[in-house]
Amino acid sequence: MTKRRIALISTGGTIEKTYDERSGGLANHISVLDLMLASLELRGVDLQRVALMNKDSLDMNDDDHTLIAETAARLARETAGVVVVHGTDRLAASGDRLVEIAGTPASPVVFTGAMRPYELRSTDALQNLIEALLAVQILAPGVYVAMHNQVLQFPGVIKDKLAGTFVKEPPR
Amino acid sequence: MTKRRIALISTGGTIEKTYDERSGGLANHISVLDLMLASLELRGVDLQRVALMNKDSLDMNDDDHTLIAETAARLARETAGVVVVHGTDRLAASGDRLVEIAGTPASPVVFTGAMRPYELRSTDALQNLIEALLAVQILAPGVYVAMHNQVLQFPGVIKDKLAGTFVKEPPR
Amino acid sequence: MTKRRIALISTGGTIEKTYDERSGGLANHISVLDLMLASLELRGVDLQRVALMNKDSLDMNDDDHTLIAETAARLARETAGVVVVHGTDRLAASGDRLVEIAGTPASPVVFTGAMRPYELRSTDALQNLIEALLAVQILAPGVYVAMHNQVLQFPGVIKDKLAGTFVKEPPR
Amino acid sequence: MTKRRIALISTGGTIEKTYDERSGGLANHISVLDLMLASLELRGVDLQRVALMNKDSLDMNDDDHTLIAETAARLARETAGVVVVHGTDRLAASGDRLVEIAGTPASPVVFTGAMRPYELRSTDALQNLIEALLAVQILAPGVYVAMHNQVLQFPGVIKDKLAGTFVKEPPR
């Protein structure tokens, strides 16, 4: 079995937040993705890590979304697929930008994130990362979010803040 | 978003083993699948639980494999997909039997299991269950095993005991 | 073996903080003490739960310290010992107040808390609670803090913020 | 605060059992004590590790009990206290032997163990180790078991197999 070469772009967000004892708060200081990856058995993908930024997505601006989209589009040409770890609040903005720029990328690009940081005892971070790392191997080229046991295709994906997850926008 | 109706057949195996304080050993007594499912956010599937048997797969005989295959084939006609939780030692026998009986089932049937019980602090059980519950939604009809970040299609799947995972049989 | 009747006073603090998905922060909303207690085997103590307040100790005022001290002094007369779960920032103020009011209480009063909430994957909360619930059974009457594998007796206990733990004040 | 020098004797037992994927069983292969210790904040004790043996206590013979008791008695003279990690099935035999040999040792000797290995998601191993490492600092010289939130003094301690814990033998 040859492993697929997959790019894993980290941008920060809740999934990577760590606890600061002095301030008593959670912030994006250190990437915890390596810890999460080390806890998994990854026999399908050969990961190329790309630490693009480490931001709470609420702090992202337009240039950040463009940088993320352009990086994903480029890596989709160079690899068999791309996973993007992203804060959920502005995840859909980066996904939409990628569709604007690249239409259908050369290989599948799968966004994921978390509502509760990996540092918490009860978290959706591992589930979502596992789903993205599997989905990227079997989906057709396109832009997706994989999270909470579902895969949704862009465009038309929005965050349902009340439900704390992503949904497809109802057709107008 | 309408959830897909998916059947989840449990048959036992390492993934469900629990610890017995008196004997100091691990055995298939109680299904821990409910505990695992409760720890996940399942927004894609609506599960129909089918507790078929609770056996270490080393104790399965030919009739067991046939029963598992026939049950999966029938449920594949009635639902949008089937996940089968199975001991890894004899998982391939049940998968092969299903291909013999049903060829390509009416909807995807995804087998999964674990090398280390969910009861352990370090386990592959959750990862594998998460992968099966996502893969069953996006694969084409067929018989598969999803585990350790990869999806393999039957026939021609065997357990690599040394590596502790499943691989495709080399073509002869 | 007869269990000792021990009062467990909860006042809030980091140990009990929970995560709020909407705000992305940690706050004192629900007591998680019951979850922690349920994970332990408690064959020495018979607990009388007293939910006195649920405050970040930085928000405690003088009346709060007096209320905590008076409640602990009273319960020390009625039971075989008292454990007080308290925010670490102002824990020493409540301990000092208790010594002022009660001198040596009728039974041991053991304060404890945590630098990292129980909700985190890596936390000192369980260790500290386990230590307090054991120490209260074997210490002589007095006022103590039990945390991080040590027991210190009041008065003269202060928080070392840099080290993130409690120490004895050097004699002047 | 000067840390107390404490000897930590490991002898094996359930607390240290690890899972073997190939055989699907639990055995005493590698000491997991280091992992447990690394997860704790130990500000009271300065540990001197003594890896005496690594045995399921059901496999211990008379010579093993004597060796454990003699080693504990000697280390009790050289340090401020001794913790002995021991399989629960034969723990009382080693404790009784120590009382026979040493009467009241020069410093407190605290035995501990576990009914469920540390490797399990739900385990009493950490609780018991935390209790022993605290109790050894505050108890008077003597021979004890600390486990499940209680401290019992030898002689007269027996394992209650039905309850899965230690109790004091009823006086005759």
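Residue numbering begins at 1 within each chain, and the chains themselves are lettered A, B, C and D in the order written.
Quick note on the criterion: contacts are C-beta pairs under 8 Å (C-beta built on N, C-alpha and C of every residue); 3 or more make two chains touch, one makes a residue touch a chain.
Since this is a predicted model, take the numbers as computed values, not measurements.
Path length between chain A and chain C in the touching-chain graph (shortest route): 1.
The chain with its Cα centre farthest from the Cα centre of chain B is C. Centroids of chain C and chain D (each the mean of its C-alpha atoms) stand 27 Å apart.
Chain C has its Cα centroid 46 Å from the Cα centroid of chain B. Rounded to whole angstrom, the centroid-to-centroid distance between chain B and chain D, based on C-alpha atoms, equals 40 Å. Each of residues 122 in chain A touches at least two other chains.
A list of each chain pair in contact follows: A-B, A-C, B-D, C-D.
In the complex of the two chains, the chain A residues touching chain C come out as 14, 17, 19, 21-22, 24-26, 115-123, 161, 164.
Looking at the complex, you find that chain D touches chain C at residues 1, 39-45, 122, 124, 126-127, 130-131, 133-135, 137-139, 146, 148-152, 165, 167-168.
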